[in-house]
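Quick one: the structure is below, questions incoming.
Labels for the chains are A, B, C and D, by order of writing; each one numbers its residues from 1.
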Amino acid sequence: MGYGRFLLKRGVQGVGVVWGVVTVVFILRFITPGSPIDTVAPLDASQETRQRIAEDLGLDQPLYVQYLDYLWELLQGNMGYSYISSIPASVQVFQKLPATLELAVAASVVAVVISIPLGVISATRRHQPADYAATSFSLLGISTPNFWLGIMLVLVFAVELNVFPTSGRAYGFMQSLAAITGPEPFFTVVTAWLASLFLPAITLGTYFTALITRLVRSGMLDELSEGYVRATRAKGLPETLVRYKHVLRNTLVPVVTVLGLQLGTLIGGAVITEAVFAWPGLGTEIIRAINARDWPILQGSLIVIGTGFVLLNIVVDALYAYLDPRVIAE
Amino acid sequence: MSETTSGTERAGTPTGDGAPEGHPDDVLRVRDLSTRFFTEEGQINAVESLDFTVRDGEVFGIVGESGSGKSVAALSLVDLVDSPGRITSGEVWYRDADLADEFRDDVPEAVDGEFVDTRRLPEGVRRALRGPAFSMVFQDPMSSLNPSITVGEQIAEAVEVQRRARANPRRTRSRTQGYGMGRLIVDSLLPNRGYTSESSMNRAIELLEQVGIPDPAERAHEYPHQFSGGMLQRAMIAQALAGEPDVLIADEPTTALDVTIQAQILNLLRDLQEEQDTSVVMITHDLGVIARMCNRVGVMYAGQIVERGTLSDVFDSPVHPYTEGLIGSIPDLDDPAPRLQPIEGNVPSLLDEEMGGRCFFADRCPKAMSDCLQPIPEYDAEPGTDEHAARCVLTEREYDEADALPPDHFDRNEEVRGDE
Amino acid sequence: MKIGPISISPRTIRNLRKEFRSSGLARIGVVLVVVIVLAAAFAPMIAPHNPRTQNLDRAQLPPLGFTDTEQRTSTEMVNGSVQTVTENVTVNATAQHPLGTNSLGQDILSRAIYGARTSLLVGLFGTVLAALLGVTVGLTAGYYRGRIDDALMRTADVSLAFPSLVLAIALIGLFSRFQADVAIAITDPLVTTGVAGSFRDAVGLPTPMPETFVLPTVVILVVGFVNWVWFARIARGEALSVREEEYVKAARALGASDVRIVFRHVLPNSITPILVLATIQVAAIILLESALSFLGFSGTTLSWGFDIAQGRDYLSSSWWIATVPGIAIVLSVIGINLVGDWLRDALDPGIEGEGGM
Amino acid sequence: MSDQDTSRRRFLQAAGSATAAVALAGCSGNGGDPTEGTLTTSAGGDETQTTTSPEETTERPEPDTRDGFLQRANRHTHEQAPWVFLHRQYSVYGQSSDIEWQPRTDERVAAYAIEPATDAGDDVVMTQSQMDSGLDPQDHRETPTDNIVLQAYEGLLERDREGAIVETLATDYERLDETTVQFTVRDNVSFHSGDSLTPEDVAFSINRIVDSDVGIESPQVDQLIGVEGAEVASSDDRTVNVNLSGLNPIVFASFATYCDVMNKSWVESNDQAYINQNMDGTGPFELSNYEQGVAVEFQRNDDYWDDPAAISTFTINSASESSTRVNRLLSDETDIAVNVPPQEVSRVENSDDASISAVPSTRVIFNAMRYDVEPFDSPAFRRAVNHAVDLDSIIENVLQTFGSPTAQPTLEGFFGHNEDLDPYPRDLERAEELVEESGYAGAEIELVTPIGRYLKDVEIAQAVASQVDELSNVSATARQVEFSTLVSQVTTGNIEDKPDWYLLGWGNATFDAIQTIQPLLASDGALTSYKNDELDRLLDEAQSLPSESN
């Protein structure tokens, strides 16, 4: 089976999963106690008012009709209108997406850049101070609740030292790009943006830095004991090549797999990180939507996240197949 | 084939420094090489003061049961013993005039005539010897090639190493041979850039052809899992030949293969050896292979060469009871009457405390005598050529029931013993 | 040694011992876990105060060794606008509250001790639930393969597509109407039997302890529900490999029932990786629970996460309120992770089982 | 859900009898003049003999004014104690020294009232607890959204800081008869889009609220209850007539609180999604940038009909965590931090460039006790609970004095407030006697409180519970639930769904007693936990009379 077909297969599976996600999200609303009316109607609304609202929301129709409408609308990219703001859910959700992506990407970059060298060093300098340092750091990292870490970081770096903003998102990637031509000085914009991104990225990234460090270390140790390492050295290849071209590459195979499974944790982490830093992203949106029972927004967010998760997993599979040609054969 | 004059000198006799005396054709002289593993269970003497020599264009065989330290010996030669193992003593004298000149002034103790003691050379130089001087063919081809890199690429790497090595003088060679992280990252980021070059890839394909792989150009771009075991071993050999080594160390090259393939591989090895006049160290537990390939043989037991000599010395007139036992354990096709008498007992654990100063074979030896309970030096063995020598008292005296050890002698103080 | 249908071979136990002896980390982990478990179990005996009783007069006392001068602010209406008068008051730590008190004057140490109960109970029950769900699904899928397998695994994919934290928040948030009612108040035997009381009198801690302890049932159900996939994957893998074993084929040939085969052969062989995963999952779920209660989606107020959320508002004036429970979480999770590593190294189940949050 | 859960008496229900009564009383139009009667907060001198302890209700002569009836209603609730009367919540703001600004009682923040104190004060940022729920000024019901839309939109009437009614888009307003009031619309006012304000726009805006056939289902319909519709009386003298279903004593108070005027043509030519993301008002600021859920930016409207605003831009963002808001204030990321919790006050006060400004809000915090369940069906028991609570300690320790004790549903300064009532003193003996008297000795009660909904709600509830628990013959505990949970329980319309004893806060921006008592305590109130014919009668009487003030 070729690379293309392999990905195609994954893609088809992905579509199935997305459909599942959509359906679950729809069902979720009907097994949930309480009616959307509670959201839309004011505290002391009259029963007549509530009745009218029910009709407006089409809650009076049979379930399957609502489901089919829902699917049909979704296919046209319509996620309904926020019960709270009457703004199309698609608009409201996709407005929040960049902030969250920014956060997740920044965290991943932090994680990868730090963790891989750290893992390699710790594996190749086994039982040396560097190894112990890296190991303790990673243990601490996977054991610290990131919201608490975030609070502590804010306390130290924002409140006490006042070197980073305490919360919120300044500008953002797109605005920073715009600033190249825009009226505002590019440098100030970018620094402000990165400054506001720094603490959240660290908060979200730490767990993954630690996790990947652990994975790389243990995987590297396994690989180093493989026969081909000795054979590769036997032909006199420079150690750098042995470690990074041969060993690390094979180490990354299991690492990538685990990370694929951990994407959920990344998004979940993003949600709570946003809560800590009042970061205006999907996470904040979801929590707001849940507390306000703003169903269209909640459903929209969950669908976007689910779909994103599926897409990312396809990417991971592709990467996986690239790293380990054997998987395509299977 | 060996018209040697200086027969009586034993290459093994420790003379302190300088290369041991030996045959003029010697390309490799190993003396008193010991490799130990320091594990939680204790110290394991995998290789115990090993002595042997390898001559130009010959095939020297090392035979022994598994666990007798053959493979460790091989790795010790190319300095690839991983922790917790360490080469604790010994010298590996390798004949290379240029190298000798280069280090005569800097490291005089490492140089003797045309010979250099690789053990005394700086690490970088030692590693640089892998490929052009020594290269290895490993036991299991499947696990000895990187599963996620194409076969061609891996061979090309071996070629490339030597190409670059020739490109810049050995002295200036850094640990990474001028190929550090920076280069690596750049190469891996930019497309069509890598460590290996076009030319080295073509060379790799030639090599594949040379080792008899059909349409090598295509196969070169396949991954190890797409190769059969035999094909892989051929590829391994191609990779080993990439550096045009003086000494090719083949560690159980055929064990992992099935019989029909074994023959092909052995033929291949012999052909290549003959046309390139490489010296080969053939390590195996299979006397058949030895008989087929080797000029001279060393029988290895418990980390030592217990008997050595020309093929005929060892096969036709073995002295050491262990050798006898080994030979005895091959089925003789001429004589239908089965005279299979496998050696009783197991290879010793090689644990330092359990070995003690005695003939390590004594506990299994049918002819063990009280003399065997002291360290045994290497004696000339009468029968056969001057090459013939053995670490066994029987070279000096006849077996005598009188001083035979009681059968339960070792039961008292040793766990490792024959199961009667 | 036998646990239910599963027997652990002496070799396994030897490995455990060996690994335990050789690795200091393993020992640290076990000590941490034991300490926390004991604290949780005997909370009503060792907690210096009732974690719920508040004493507004001694609110925000600092931990021992810290003396805190804080501004007490009083206000008064002066023609329509408020005048605030602040004077400095020195608050001294007291041995009665070694780790200080929170904004309600509740003893932080006692709350941390009781918080361990919530975390551990949620962690354990949640994991057990997840394991039951996941292993059942996984074994079924792996054993029957084919359509069933596909169906179940696609389901797993779908539920993987919902990050556990997000899904948990959604479920708890949306069902919160019932949350309070479902949270079961289990009576604390140590207290009701008077054991704790007499013990406390003996050691001179006369304060009466709460007779009931709130078990955040919804949280347990939810965290169990959102984490089953990890177990399903492992169990499935094991089942797939074990079902090919000769003796399993033989058993099937002999006409043993599927259920019997699964329980006699497949399950016991899968138990090691499941055990290791379970350990790691306890840690993961403890983190998840703390996150949930931090966000206010929790059934109980005796939770580390809840205290962190409360203390967050006082971070600038009384840092210890949020710091102590945070450290408690870190320590317990480290402990459990270390034990998990120990088991993994000793039993070598060949999984990289990092449960997700 | 909504931050300002103000309510309107469901006029139609009670007004049937009222209209008749009004016909007899035959008094008309005197409510028109805003100046008249604003001073007569306490009519009915019969309220003077206040020495009487709440328990023995002395017979009093029937009041003859609306104020009198409302005060009597308040006295009734004080004596019958359907609530545990807690405190009046304060609005506490952190304020940067870059600006000069005075907070308002009704929790609204008008950027128009902000003046720069330094150069940095020209661009002002405010951080509140949450963002808008869409920019349609008529499609929401909570303070955070008010604070956003009211920078750009204006009503016919407004209130000043103290709560007195002032004209904005109306230049004059009067009662024509008991079912008609008339507004005269200000001239030379133009929307941000450039269109000029017409009486049609005003009539349209009113109808858009009260008539669901005009555009939307406005949640503010209940704010203008009793208003049937509006039409232009005469375009020339720019008058608009509003028709009432009956005499509504507080119609102007209602218009002073809600009914923002929108541009008819703009509304009709755009869809809801657009209207919720854009603004076309007449106010002193116009929308310059809108990021839903993130930030709203305004710039000064230079051709405002009144003097242009003092500051040039006004930005509103949000942080739900109070500590986050204060952090932003202290690190100079914002100029006004809304809802600063007591524990942060000293932090703000101690910083050089920020200070606290607080003002009593229109919100009363209380614990409702269902009259229909044991043990709360006994007035004696309810009084006992009130006696058991140490209100001063709670205000002192939990709220750090940011609150003032209450003795009745109606807040001081509101129309109908009864000045002669004092908070229940803490008296444990008396409380225990009352419990015995009520026959519910040994009762176990549970107080349900929302989490983090009102200032210190959990702490207050826990304090109340532990104080009541100190009674030898009552045991009390507190249980916290999500606010949405509590809301879904109290809004079902039937009392059985409510918890027996729950903490709630109630904001009333009309400054009129009726808007608190009617929805919460009248037997037909939407959120009522109480039923008493005497109280209902008092309320009906009150609603049958025109209001002395506004």
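For this structure, a couple of remarks:
Note that in this section a residue touches a chain if its C-beta (ideal position, glycine included) is under 8 Å from a C-beta of that chain, and two chains touch if they have at least 3 such contacts.
Here the structure is a predicted model, which means the values were calculated and not measured.
Look past subunit A and you find the other chains held together by touch in these sets: B | C, D.
Taking the mean of each chain's C-alpha atoms as its centre, the chain lying closest to the overall protein C-alpha centroid is A.
Set side by side, the interfaces A-B and A-C show unequal numbers of C-beta pairs in contact, with more at A-C.
Computed centre separation for the pair subunit A/subunit B is 53 angstrom, with centres defined by C-alpha atoms.
Centre-to-centre separation of subunit A and subunit C, using mean CA positions: 24 Å. Distance between subunit A and subunit D, defined via averaged C-alpha coordinates, is recorded as 41 Å. Note: centroid distance subunit B to subunit D, computed from Cα atoms, is 93 Å. Residues of subunit C in contact with two or more other chains: 173, 177, 312, 315-316. Touching two or more other chains at once are residues 321, 482, 484, 488 of subunit D. Taken chain by chain, the contacts fit none of the simple shapes, being neither an open path, a ring, a star, nor a full set of pairwise contacts.
Residue ranges on subunit C touching subunit A, taken from their complex, read 25, 154-155, 157-166, 169-170, 173-175, 177-178, 283, 287, 290-291, 294-295, 305, 308, 312, 315-316, 319, 322-323, 326, 329-330, 333-334, 337-338, 352, 354, 356-357. Listing the residues of subunit A that touch subunit B in their complex gives 226-228, 230-241, 244-246, 249-250, 253, 323-326, 329. On the side of subunit A, the complex with subunit D involves touching residues 33-34, 38-47, 49, 52-53, 56, 81-82, 84-88, 91-92, 95-96, 154, 158-159, 162, 165-169, 278, 280, 284-285, 288, 291-293. Considering their complex, residues 13, 16-18, 20-21, 24, 28, 32-34, 139-140, 142-145, 147-148, 151-152, 155, 159, 207, 211, 214-215, 218-219, 254, 257-258, 261-269, 271-272, 275, 283, 286-287, 290-291, 293, 298, 302, 305-306, 309-310 of subunit A touch subunit C.
Taken together, the subunit C residues at the contact with subunit D in this complex read 53-54, 56-57, 59-60, 70-77, 80-82, 84, 86, 103-104, 173, 176-177, 179-180, 296, 301, 312-317.
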